[in-house]
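Every chain is named by a letter (A, B and C) in the order it is written, and numbering of its residues begins at 1.
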Amino acid sequence: MIRRAPRGLAEHAPILFPALMLVVFFVIPFSLMIAVSVFRRVPGGFYEPDLVFANYERFLTAFFGGVMSFSLGLAALVAALAVGIAFPFTYRLVRLSRGAQIRWLVFLLSILSLSEVIIGFAWSTLLSRTAGITNLFVALGLMAEPQSLSPSFGALLAGLVYQAFPYTVLVLYPALARLDPYLEEAARTLGSSPLRAFFTVVVPALRNTIVATTIMVFVFALGSYLLPQLLGRPQHWTLSVLITDQAIYQSNMPFAAAMAVFLVLVSLALVGLALLAGRREETA
Amino acid sequence: MSALVLDGLTKRYGPVTAVHGASLRIPHGQFVCLLGPSGCGKTTLLRMIAGLEDPSGGRLLIDGRDITTAPAHTREFGMVFQSLALFPHLTAGENIAYPLRIRGAAKAEQRKRADELLELVRLPGVADRPVSKLSGGQRQRVAIARALALSPKLFLLDEPLSALDAKLREAMQIELKQLQQRLGITTIVVTHDQREAMTMADLVVVMSQGRIHQAAPPMEVYRQPADAFVADFIGMTNLLEGEITAHGAVAVPGGRLHLPNLPPSGPVLLSVRPEDVIVHPAGLDGPNRLDGTLSFMRDLGASVEFRIDVAGREIVALTRPQDRPPVAPGGALSVEFPPAACVVLPPMAERPQ
Amino acid sequence: MNETTGKQGLHAAMTGGIGRRTVLAGAGALAAVAAIGFPNIVRAQSKTLKVGVYGGYFKESFEKHIFPEFSKATGITVEAVAEPTGEAWLVQLEQAARARQAPADVSMMSQVAMLKGAAAELWAPFDLSKIPNAAKVVPHLVNKYPDGKVSGIGAVSWYITLVTNTKSYPQAPQSWAALWDPANKDKLGLLALVSNSFLLEVTAATFFGGTKHLDSEQGQLDCFKKLAELKSNVKLWYRDEAQFEASLKSGEIPMGQYYHDVTGLAAADGQPVRSTFPKEGGILDSGSWAVTRASKAGDLAHVFVDYMCQPSIQALLSRKVGTAPTIDRKLTDLTDQEFAAVSSDIPPIIPRYDLYQSKSDWLNQKWTEMIVG
């Protein structure tokens, strides 16, 4: 095989299709969104082409600043918890027998196939006073009477982490499966307890994978808009919920677009960070 | 005197037994090689010694203290893994200093010890390099240095040289042996390379199918193999099945051999190294000779190899070039088995590959 | 149970909410609209009327109970078009009208959409002389242009009432003021949007003597301030009706606002729920028939709307679809029980749709800040 830069249309063909898809499904919609975000809202109507920044001005208020920082904080917490739980889980998973691994992965994929609505309903039932888990605690004598645990911040967090968990495991899986299993054993022969070996060797050795996965889960959680409605109280509604409100219920496309552009820019900045981390890993 | 004692160590994985009751006493300062084909249980045995596998039975004692169930990190044994298992996020120096860091040693002390050890493995000045920037041989030395950082009581190596090319491997064998002699540390190396075992070890432990067949110094293993497996696995040998006849003689295919020290009766197996087999031109009578025809011959430079068909069995003989009989393939020969060179082995139930 | 969940689609669609089945139906409608751009040769020859109704349960019910009877009676074939939710249908009608196309001749429109369409003069005025039955429609369900021309005529209406779980509340509450009762802390489920909960109107009617109080900005702020007082009583601000309905039935959220007819059906199924018309009145929301000015089947549309306003058809809708009659109940043959299942004689709270047209963004922002803050 001679490696050289492709010449002519025919040799470029293999990348034309993905490039086209990227343009059609990302560049064009995103450009349209940016365009709409500076359009002028016609109250009682829809919107008209224009170049105004009122939508961005409206966004830059303490209220939306508060919602934005809550959304970012929530997404960060979800990412930290999901990775914090999924990492040790996956570390154990890759050491199971092949059959057991396949069963777990099928189970995780089946969670992935659940819609956000179903997850939201399942958790609100699980955390309800009338049919929820506290009834079990009461039966076991751990609680005096059943309590309602949803909607609440804890319920929202649980739902989001549950939803993000399978993604997190599937993203971590290849890196952990490739990790030399003897690293941990080496650390043990050098005087580290298994737990200490995990934290001083396994975790630092996969630092960049962990960072990249955390950012992915963060972006994923940032886009969640159904679970905050189903499991959270209004103060737990994320920016995505408000974008949905504006786009669907208020028909205020310019404002929804302005908020969405802002959210996409934050997401892109974080993906950029992930790529940067990946590059450092390569040079390391 | 400190010693490591394996007392019936056994490891079972479900219905499969990887190690059958391994018993062995390793005196202090010995260089031991666990030698055997892949899957013979040698690595499992080493990992049980290291504390990385829990034995299903038996005991493990060091200096009379039972450490059978002691966790790996309390044993203070240094181990070099086949993959080396260098920590990719640390520099060479940090890798070596890792056990000191775990014990809370000061930064300066860590650095000093890392430099000392790099000196010891003849790799000074690489402490600050990431391990990914080191060559295969350099990594090897870093892994050895790291395992020795705490001056362990026991130095364990799992196929440590298998990743190196032949020339470097040879050099490292010598270096490893010298290092071990300098430190006087009890060392156990797992290898499937008999040459490596023979050149380095004070004690060779030959294993197959989870059992120890023989544990003896290299020359003894070679000259006095305990059974057919050892005889066949270590070097090349001719195995002759025979039946003891009444008067201290063995009937083998193609004739009869007279040997001392034979059991009174029954079937036996004889092992004769090719270099001990003497080749004579046909028709010259003498003791312990069998007639055959030359089927194949090749010149190996330092010696000549003959393959001779004796009553349907192939006998291999190595001769100095100047002793080579004037015969062409297809010609008749006779081969002599000197009694002193014939090792009498118990008969085999099944013939190892 | 199936019927109840189907109705959620209906209400969600009419109030601008988004139910799952209505989203699907909306996608279908888009496809239908795409196909409509061609000249309607076939339709010109036979007498066919394209009627836009919200997709899902609503369209199914109309196709099952209403349209076949209408065709039999008039010889006009109805082509039902599923409308998407929100204001997408309004936008489509506007854009099509500019190209002199009519994706549907008559459409069922929410009241806010009626006002927005009227602002763009999208609706062809009705000639009431051709719709004798329109005289029976209650006045507040007749939409008019500022000059008095009729832009729309009430198609369906329904009530949102005070609902309770009968196990948690053996006594039915009497007034919307129960929502503010400190004893009901963390027990309410209310609709999450200013434009579908109509709680500003409820507040005005309960504490400020009527929805006229919302005329001024000060009045609106009064209502927001009063509403903020019940926040600690609200456990769930819901967008998804099924979530609240399930919680109401189980008693998890034992009080709130919900659709009168759906609650009645659940109670008839044996669920421990009840719907109460508070003394201030239930919230009466509605949809109107309107004809796009691009329609060339105006005469047929008049026949259709007249047919729909007949007492017997209104009674049929009440019985089969669960909507409140748009005409005086005395003109219908509904029994007291049948009438109570969909409506009440207590004067209703009529939403201030004009506000949601003129001050939509401001109200929405205030509302969101009120409940989120």
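Rule of thumb we're sticking to: contacts are C-beta pairs under 8 Å (C-beta built on N, C-alpha and C of every residue); 3 or more make two chains touch, one makes a residue touch a chain.
Since this is a predicted model, take the numbers as computed values, not measurements.
Novice: Determine the shape of the graph in which chains are vertices and touching pairs are edges (line, ring, star, complete, other).
Specialist: Here the contact pattern is a line, an open path with two ends.
Novice: Would you identify the chain whose C-alpha centroid lies closest to the centroid of all protein C-alpha atoms displayed?
Specialist: Closest chain centre to the overall C-alpha centroid: A.
Novice: Measure off the straight-line distance from the CA centroid of chain A to the CA centroid of chain B, and report it in whole Å.
Specialist: 54
Novice: Between chain A and chain C, what distance separates the C-alpha centroids? Give it in angstrom.
Specialist: Spacing between the chain centres: roughly 37 Å.
Novice: Taking each chain's centre as its mean C-alpha position, how far apart are chain B and chain C in Å?
Specialist: 88
Novice: Could you pull out the residues of chain A that touch at least 2 other chains?
Specialist: None at all.
Novice: Return the residues of chain C touching two or more other chains; collapse runs of consecutive numbers into ranges.
Specialist: Chain C, residues with two or more chain partners: not present.
Novice: Tell me, which parts of chain A touch chain C in their complex?
Specialist: 41, 43-46, 63, 67, 117, 120-121, 124-125, 128-131, 148, 151, 229-230, 233-235, 237, 242, 245-246, 248-252, 255
Novice: How about chain A: which of its residues touch chain B in the complex?
Specialist: Touching chain B from chain A are residues 180, 182-183, 185-194, 196-197, 200-201, 204-205, 207, 284.
Novice: Sort out for me which residues of chain C touch chain A in the complex.
Specialist: 16-18, 20, 85-87, 91, 115-116, 119-120, 186, 192-193, 195-196, 235-240, 242-243, 246-247, 250-252, 357-358, 360-361, 364, 368-369, 371-373
Novice: Where on chain B does chain A make contact in their complex?
Specialist: Where chain B meets chain A, its residues are 50-52, 71-73, 75-79, 81-83, 85, 87-90, 98-99, 101-103, 130, 132, 146-147, 149-150, 156.
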